[in-house]
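Right after this note come the structures.
Consider the two complexes below, in which chain A is the common component and chain B and chain C are the respective partners.
Coming up: the complex of A and B.
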């Protein structure tokens, strides 16, 4: 008996269930059909009734106060309202600001809910009165400026060494920036007491750190992790280079013409040829050795000084239209060839 | 080294060019004291690491429109009620606490440091970023951990009481720790905190909003606790050990043991410190009963101090006065206090804020005679350049002094002086905590409302409310009174929105008081302010409705405080305010009818005390064609059995029919005729008349007809 009952139940329940589902479905279809008449849409089987679920209304708070910008007195101290750098906030800035894309025939978007205004960094915390007040406040930590350092030139003569370093300010978990360790030292070469030899040696030591146009030697150090260490290191570098350039080593005497850093006309073949040519034209015997050539006074030779200059500048300054022209003129003068005539 | 680190792009970079005076032959540093040669810079002015920041901060003053900086500067997030202030600040701190909890739970995840290049994380100090102890996870001590005396030192230095006790036990207890100094410092820690974990210094907001504002003045010292045991176990009891245990006991009011130990030490010839005696002086009240005995004990202790060759300090004065002020009032004690102060002055010891606080407690009793010692105290304090906090009770001074200004002396000038002193320099930190701050301002605003000029009061309210201080209901009532007296209708209308914002709009008494104040100064306001007041009045009714709906929604959740009803007087006030309009189409009439309906449905407590208001309103309503409202008002009057009902209904009928009063009275003699000719809503007025005439006997019948006529009247109104 019990088995039968069970069996009956087992068959009965699903059928009931089916029936219910069917009914549900039919009502759904009815609803959908009604909707479909209104808006032409595919009917969707909505079993969970997601659509009909009423969205919970979010209660609006009724105690939100108006913007505090409206309560601000016109003669307030703005520095108190906006004391430090921060992102723009419309409710605390009493200005009718507009920013952003302008649709045709409309005003630009206002300050509320305006991401454009929030994106750009603002300087509302650095108004002129605030800057003035802050300067007054930190004046107590400032010492007097030395009186004689009243011009750029005075500063340059008294403080020839220039140190350049950077500090960084940014929003991240750490206030430290590895780039701030880099230290650059600049000094004018003319301010260093160097003679001809030591100057040459110094330039060879610093290599491309010397800029001829500005006469500046720039030494940069970034190999130590901390700025102070780098600072000490550039100091050391300058000192070491300077003192090394003052030394004269034994092997420096072995310097040949090929090692010269500039073209010395007196030591070169050009002078030799000139002297030989001059002696030959005067039918003199030329039995000079190398030293005699160097010592030979070219002022006896007419126009030789101009030639010397032209050759030196051609070799030292490089080949350009001007130097070549000068050379041509000097050679014509030397050889007594008439000047070049420009045919018009 | 840093080449593989991606650098964020938003940096501002300050490049500094500096020229240093350095000749090549060796650095010539500016050593001379002055720039005597006019070339070398003068010596650097010495400054601390935060001096510049403080100088810059001193240029920023208070901003009355802004909330405290710990809150977000946004209209939706600026807290305007005391509850919200507390909730927002504590929620922010709860976030920090959660972060700290995660840090401690998962300590192994927080070993990497910023800017540590990947792959090099094992190296302890690879870069210039310093290790900050506060950001690192705390060590956890449990039964399994192996500890050394170093751990004990560390926990003692950081005042981690429970951890230090654990470490102490792990080290083997009293016998395990051999180092005498370590034992002593552990004893000091235990004595100072009475073996209770102190509130962490880290959670500022919790301390600010904590409710335990008053210490318990009871013997809380743990007898036979670890401190006692350690002290007993010390083989050689030095003066330091005695001082420690005596001060600990005195601090936690175990007076008898403390005095016993003190005598013991003196007998053994062990020198005691001044602060030990200060502690003992502070707990004399727990030792002896009766004023004379106590005074004697006090003097004896002071004499003992002298015997020991100890010079008293400011703390001695404070603890003497503390003891005296705790023994009640009376001339004798006041004179004693005066003597003590004079003697200490001779020694060159000036009383601090705590001493003055105890003096105020002693002199300015609530029901005692008025003694103006506050002005002397203020003159003294104003002379001082800086008020240096020395004692925990220093924070009690300003709140007590303001209380004295408000309740005892009722003097606004003193209150202003006191407030100026609090605002001077860095003194605001002496205000204590949130609770004390709010009491301070409660007293200040109360005394200003009562005794200051109206301009000053409003100026004060504008700067304080709501960002610094949110008035409590009692203070709000005081403010409303002041506004009423000054006849500031505009501010009264604002006061309602303030009530809503402060979260005290459901205080029925306050709202009733506000309505009454509005009514009282309604007449002599300009038209636009009148409109504002009417708006506020209708808002009050609507606010009630809103909460009614909410109650219906949340009916099943049991509400602990059921909404109190506004009184009938308040309703009558609303009716009086809102009926003063010139147009039939004004929305204020809806408010009037709503108020009347509430009166009729008995939703307002009591009956109106001035029924004439309703009678007058009925006439006005009738003259504007709002017959339904007029009829409802008259019927209500009649039902309540007011005498005014009858003449009022006659007059109203007169207005409706446009006849003089006598005519109406004669017409009323023939009831049937009138009933046939009248408009149904006028009939309701007639009903009211007969009801009033019969003295409310046929109440049931009247109410049934009235409801019918009501419906009709309302429909006719809509037309």
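Coming up: the complex of A and C.
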């Protein structure tokens, strides 16, 4: 608009016209002010502001119905009142509920206008009779439980693989929970029917996923975004490990004594030192090679069997008070040292 | 004054029966004296342990108590019993002491050294292997071995050990019956001839520190042959033996290379000594958690501490556990501490101390200190 004004000015028209143009675009307030100017009147100083004081409204009585909760029959069908999950509503719940934090000694606020009660999820739609009724309704779609699977053992033998996954139910904008993708597979190692070699190889492949005490192999997958994918992946892992452990590779023949999964006394230094010791006690010259030591018959050495057992158990079962004591007893017998006296 | 003396005397007399034994010769110790203290003669103590052999805290305690009293405990009696019935024609038997920290392995060893000394053994005692391999003072003397390629010598430590050996076996060395069987040529002008007394060899190592490690190597070989010939019987005691088998030592070569224990000449020497390819001797070793760094102290059992290599080296050995105090030993020790005024206060403190120290000898001693 200002551009137009400038234009008019440059033409040099009389200022009256210019003013009129201004008027055309002025606000209504200006018009009102002009009106006031015309009917001039003194303002009255109203000190007590009597004129502004609003007259007190007379409370109008309206007939409020009593709360719905108070009108409910005690033997009503609750499932109809609260059929599905929803936020708490005080008038629909005929219970004297209180919820909220208060200083000590006071009662928590009641159910009406109580935000605390509305915040928390409720299970008012899942009362036992309702669940029962719903189960009854679903029953027509179920099949009968197989009679052979009457015990835990039976289930374990027929279905050795156990799949564990979690579903999450919560009140948030999305019903997806990323944790529900995780799938765990559990299987007893004994049900795989592996032989000595493949069992050892399988254990090396699964590493710390095997629990010796329970004999369970636990494989967990969470790398795929969806549960189904993880489930398939877990299946694949078990299958791959199983078949790989059945294979015997060429390089497995290079296994040395350090790679052994158990302690074989006959192939170890312990037997060698025992044989050397025995030959020395008999003043014989020992010029045996390694194979001779492995082949050497220990039955001619007195008390060697107990010693062999003690060393093997010390190595295989780990060191403990018991195994070390057994070792001490076996060695004392072998070397002809008197036994330890037990002091009471 | 007189009454005070009388009181002390009577107190000692009244308690002497309960925790002390007058039998100061370990050969005579038997099961009846379990838990009793016997006092070491000052002179023997000086000759046997003046260069180490007692733990530091015990050494301090002997100073405080003005006497060296060792408790006769079951492991030592067991060992004495074993040694007495050993067939000395068979290869040497190796005994390994093991047990928790502070349970008295070193003191059991000291007791056994006293026994060996009394019994006329030639003693080869290494007070603490970690002193060589793990303790690095500012000026640790190290040099490359002249005779063994790629090996490291610890000449000062070796010489110190030779002095220790000399003081421990003064009587036997002075007798001069032990002769060198081979000729050793150290340099152009120095050599030890066949038939020279063993003390000359030792003396050479002490005066010519450069050759100390080689002297020890020669000495060990000589002693092995002497024992085989039954000219002497030998008692080997090595405390903290498992330190030889920890993969690394704290030593560095001048080129900042970490030294492995098997690269130290002393290690090879003592591993050679602890093999069972000789007779007429006793080998007593100890596997101690304190001899290795913190990361390998999870268990006190011998296989764990000795590692695979050490176990295979020693196998078959006789493991001997040195445990905590039994009821009887604890009471005897408590009354000994009361006698020495190390422990005072009402008698109920002992019950409490037994729980707080879990009957561990070292902890018990420590906890009594402020009482």
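Here is the rule we use: the second predicted complex is superposed on the first by the 221 of 344 C-alpha atoms of A that agree within 3 Å, B and C clash if a C-alpha of one lies under 4 Å from a C-alpha of the other, contacts with A are read in each partner's own complex, and residues count from 1 in each chain.
The rule we apply is simple: a contact is a pair of C-beta atoms (placed from the backbone, for glycine too) under 8 Å apart; a residue touches a chain by one contact, two chains touch by 3 or more.
Small disclaimer: the values here were computed from a predicted structure and weren't measured.
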Inset, instruction - Assess the superposed three-chain arrangement around chain A: do chain B and chain C clash, or do they fit? - result: fit
Inset, instruction - Please work out whether A:331 is in contact with chain B alone, chain C alone, both, or neither, and reply first, second, both or neither. - result: second
Inset, instruction - Scan A:299 for contacts with chain B and chain C and give back first, second, both or neither. - result: neither
Inset, instruction - Please work out whether A:280 is in contact with chain B alone, chain C alone, both, or neither, and reply first, second, both or neither. - result: second
Inset, instruction - Give one of first, second, both or neither to describe whether A:307 is in contact with chain B, with chain C, with both, or with none. - result: second
Inset, instruction - Please indicate which partner A:164 is in contact with in the superposed arrangement: first for chain B, second for chain C, both, or neither. - result: first
Inset, instruction - Scan A:341 for contacts with chain B and chain C and give back first, second, both or neither. - result: second
Inset, instruction - Using the touch definition from the top, say if A:213 reaches chain B (first), chain C (second), both or neither. - result: neither
Legend entry - Touched partner set for A:289, first chain B, second chain C, both or neither: neither
Legend entry - chain C versus chain B, contacts on chain A by residue: B
Inset, instruction - For A:270, select first, second, both or neither according to whether it touches chain B, chain C, the two together, or no partner. - result: second
Legend entry - Smallest separation in angstrom, by C-alpha atoms, between chain B and chain C in the superposition: 35
Inset, instruction - Return the residues of chain A at which the contacts from chain B and from chain C coincide. - result: none
Legend entry - Interfacial residue positions of chain A with respect to chain C in the complex: 268-270, 273-274, 277, 280-281, 307, 311, 314-315, 319-320, 324, 327-328, 331-332, 334-338, 340-341, 343
Legend entry - chain A-touching residues of chain C, taken from the complex the two chains share: 31, 34, 74, 77-78, 81-82, 85-87, 90-91, 93, 98, 276-277, 299, 301-304, 312, 315-321, 326
Legend entry - Parts of chain B lying in touch with chain A, wherever the complex brings them together: 1-2, 5, 7-8, 10-22, 24, 27, 35, 37-45, 47, 51-52, 55-56, 58-63, 65-66, 73-76, 78, 80-81, 114-115, 127-129, 500-501, 503
Legend entry - Touching residues (chain side chain A, partner chain B) in the complex: 61-69, 71-72, 76-77, 79-81, 83, 89, 91-92, 130, 133-134, 136-138, 140-144, 146-149, 155-156, 158-174, 176-179, 192-193, 225-226, 235, 238-239, 242
